Amino acid sequence: MALQTTLDEIAAELAPRLGEGKVADYIPELAKVDPRKFGMAVVTLDGETAATGEALEPFSIQSVSKVFTLALALGRVGDGLWSRVGREPSGSAFNSIVQLEYEKGVPRNPLINAGAIVVADVLLAGRQPREAIGEILRFMRFLADDEDIVIDRDVAKSETETGFRNRALANFMRGFGNLVHAPDLALGVYFHQCAIAMSCVQLARAGLFLADGGRDPVTGRNVVSRERARRIAALMMTCGHYDGSGDFAFRVGLPGKSGVGGGILAAAPGRGALAVWSPALNAKGNSLVGSLAMELFVRKTGWSVF
Amino acid sequence: MALQTTLDEIAAELAPRLGEGKVADYIPELAKVDPRKFGMAVVTLDGETAATGEALEPFSIQSVSKVFTLALALGRVGDGLWSRVGREPSGSAFNSIVQLEYEKGVPRNPLINAGAIVVADVLLAGRQPREAIGEILRFMRFLADDEDIVIDRDVAKSETETGFRNRALANFMRGFGNLVHAPDLALGVYFHQCAIAMSCVQLARAGLFLADGGRDPVTGRNVVSRERARRIAALMMTCGHYDGSGDFAFRVGLPGKSGVGGGILAAAPGRGALAVWSPALNAKGNSLVGSLAMELFVRKTGWSVF
Amino acid sequence: MALQTTLDEIAAELAPRLGEGKVADYIPELAKVDPRKFGMAVVTLDGETAATGEALEPFSIQSVSKVFTLALALGRVGDGLWSRVGREPSGSAFNSIVQLEYEKGVPRNPLINAGAIVVADVLLAGRQPREAIGEILRFMRFLADDEDIVIDRDVAKSETETGFRNRALANFMRGFGNLVHAPDLALGVYFHQCAIAMSCVQLARAGLFLADGGRDPVTGRNVVSRERARRIAALMMTCGHYDGSGDFAFRVGLPGKSGVGGGILAAAPGRGALAVWSPALNAKGNSLVGSLAMELFVRKTGWSVF
Amino acid sequence: MALQTTLDEIAAELAPRLGEGKVADYIPELAKVDPRKFGMAVVTLDGETAATGEALEPFSIQSVSKVFTLALALGRVGDGLWSRVGREPSGSAFNSIVQLEYEKGVPRNPLINAGAIVVADVLLAGRQPREAIGEILRFMRFLADDEDIVIDRDVAKSETETGFRNRALANFMRGFGNLVHAPDLALGVYFHQCAIAMSCVQLARAGLFLADGGRDPVTGRNVVSRERARRIAALMMTCGHYDGSGDFAFRVGLPGKSGVGGGILAAAPGRGALAVWSPALNAKGNSLVGSLAMELFVRKTGWSVF
């Protein structure tokens, strides 16, 4: 069956469930988004793109950005990163601080908030926040092959003003000496990367290198080494959905990363990349309908890695 | 390169490291095992077997058994199991009780001790412990196509006498109503399944159905459905190495399950199954040299799922 | 105002609130008790006794017994006890196991369940459970100057059959090596000490030595040294009401110890001892009306230590 | 024996131990203090003052200030305070954040850092930080009857620059809505109250009202009601030494409050107030020699409340 047909079927099947769940409301700007939005896109290794719903409408990628900043930070400091952040699932919520106290300021993995703030701190080395933010944005444009990607300044401002728990995480880690820069600088980078706005099509295109061993199969450019691509995918599988990572692996079977904006990016090695967007979240903070869409897709196509 | 050559290379490369780590000593019988033992075996989907070292010597499979009792319990109660046990990584040690208190007696997943004790309780329904143990043993013999597999009675006795933490877990869950049978009955099944003795060759053979969508590719018999095989593999990937699961996924990239006897079983979908044995453990309670052997194997063969 | 009048006033004021709260239901025998029972007694240093309500009716003293077994264990091993049990409030429920894992099997204090099980283990040294239980019972009779005190066998049996969480605690500590005897032996002592049945008058009389520097002011016999009496009282103040200890100190200002049978014993140094009984418990597991009675008593008499 | 003789004996007995423990080093200004400093003072209800060592030298009172801001906040909002902060011992370190997550931003008691930051937030209502700080300073001068008490600006600045964990606590609570003002404003008040410098003589004098039912026995002025004084003392007894509160109650038997500057204030109801200063701390963050001095004092005088 053509991918386009598959996506259209999924959109039709899930239409009755749009709006189930709860839009993230702790970031006021995100709370304004219509919970019934839905878009989905697939890009295959040979560059074929299929899309359904509002797959061209930009949304706030939020924590999906953590996959890309992780790739950048590994490019900068390589395995040195792992002295400052772990590689294990957290067993707790995306913004939990408990583990940080027990493990002396070392976050469990780079895909929870605390870990991504350490990654942002790494990207700041020798630079101003503005430059680090610029590098991240350029990386997204390069990967998506689209110069139109921008940061939503209202969302960034909203997060800066209300991000108390992230500020707590950053100060807590700084107290343990696990941030090099002032917490507000690392948070500045972090809040802006989260506020990048992309569409499903752009996001799937940007993640394509994770499905082809670190290489962009369309342009042929190497983004990261094969081993690094595999390792990033492994982290997505075990840690990409916070305390719902096990369930996503169980139901979908693909490395994926969610964001509280309602987006999910998944990579199917050797096949392609998928992105879905549906703003209402489940209890674990992952897109409710988006997760179902991924599950249906894999059931219809067999693209599980297992 | 032939698989046999690959295995022999791995054995040679790791020979200098045999004995690194620490043999499990809380089960007196296991503490007697020579920490420098090493065996490894691979069975491919077309039935080819390669083996190196002491790959024919039986060892105590311990928690590797949890994969198989999970398959049996799912066969009995299907998705009903998930009301009594979760599907998320634990973020803590294999025998941690903390999470059980916070989550009211529901273990995080079926591959940690508490979860496997619930699974044992499921297998007890309507039967005596002896019958449930018999079913498990028959299942292992059937899967390995080998009637010589037995339970090591000394190990079972040793665990029964010293398994205080497991007894604590069982009583704690019983206090929450999440065991149906008396704790000692469920523990009786659990201690005996852990005491099953198998060789690497037998273990890899028994796990082969996980690499072929639930079907035994040699006999053609269906063991579990394709979807169930994928789901079991997903749980192995996210939860199979306790609080070292993320690291195993990161370094190896295959669904695997370890046991404190020093064994690890891994499945490479579409390719084959692997088993390794090296008794000395790392700080997370997984075979130290066994993990390295799996990592080397995947680096040499590219059998990662990512 | 005469103590008798004070007690009668308290009984009258609290009559409308009898039955508020919830009788402990995890021990089936205790669940049968009428939640509207109420008794209160005071014994002064010069031997004057005042009592109101059902102050002569025996009830299950449960955890109030921990004060007395602590005194016995200190008599046996002195400060050696403190290598096996701490002296700090727990910050969690009476039967929490979380802290035991973080602190490697050493309970926070001797007045929570885990700590009292260690104390019972101390009392077992060189003896059979029956002998240890006999010693405890004789101590209570001696202190209360009343040979009629007995153990309620039905309650003891009920606890033995349903005390899964206590069994979990005991096995967990045994796993850390912090019980010397088999868990079931220490639990045997513990369940029987909890099942001692005493009236308010007996209990206040038995606790009188804590109000007079370790000496029974009526008989003139020394029970414990002055320093030890102070220390036991200090532990009652900081740890005697589980995670409601701070609140009891705040509202009552006397060292006290509660039990899930609805009893509370308090000592007013230099003045006398009080006991109250009202079976329905508050959310922290302490007698709801009993706590109020203590608070009223101190407000009317000024017997706070502060 | 005269109090003066008692204090001199204590100073002599503890001289060999001065310097044991570790000066707080996370506030750079405090790390500069000579760890061998020692001072102690007692003020009795009839105004007699005895002092030994460097009892007239001002030191940073740090968390001892929490007792006084608590009294002020209760004067402002009364029992309304208890909807925002608990009254139970924490069972963890003075700056732990774990409990805040489990209990949704409500600190366990007003004498740990998080609780005192809430208290500071209460004192800010309708005012600028400068005014709130001014009120606290005036209160201390009034209580100590000494206009020379000042805030050490270098210490306040040092804490402001390095207080990352306190900033984490404040932001975390703000995320739960349990701070009304911006975290930096509440922290401004908190850091300045901690930086108040007082001598042992001043501190004992300031705390005298806690030993006389809320009344200053020298001037006859009422500071707080009798009930409130008792309650503050009860909180000091159960929560005044962080996770060493039980031990202080056990060994000393007086309501007390410590600070990381090495000071301890204790109140002996009906007798007098004591203050001690010795900068080197024990593992729980309380003055090591200061705690011993309090213990010796009570052993020599019998001023325990028990």
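By letter and in written order, the chains are A, B, C and D; residue numbering begins at 1 in each of them.
We take it that contacts are C-beta pairs under 8 Å (C-beta built on N, C-alpha and C of every residue); 3 or more make two chains touch, one makes a residue touch a chain.
Quantities reported herein were computed from a predicted structural model and do not represent experimental measurements.
Listed here as common contacts of subunit B and subunit C: no chain.
Farthest chain from subunit C (centres taken as the mean of C-alpha atoms): A. Averaged Cα coordinates give subunit A a centre that lies 46 Å from the centre of subunit D. Separating the centre of subunit A from that of subunit C, both taken as means of CA atoms, is a distance of 54 Å. Between the Cα centres of subunit A and subunit B there is a gap of 32 Å. Those residues of subunit A in touch with two or more other chains do not exist in this structure. Listed by label, the pairs of touching chains are A-B, A-D, B-C, C-D.
Every residue of subunit D that touches subunit A in the complex is listed here, in rising order: 26, 96-98, 100-102, 164-165, 167-172, 174-175, 183. Note for the complex: subunit A touches subunit B at residues 86-92, 99, 108-109, 229-231, 233-235, 237-239, 243-247, 249-251, 253, 255, 269, 299, 304-306.
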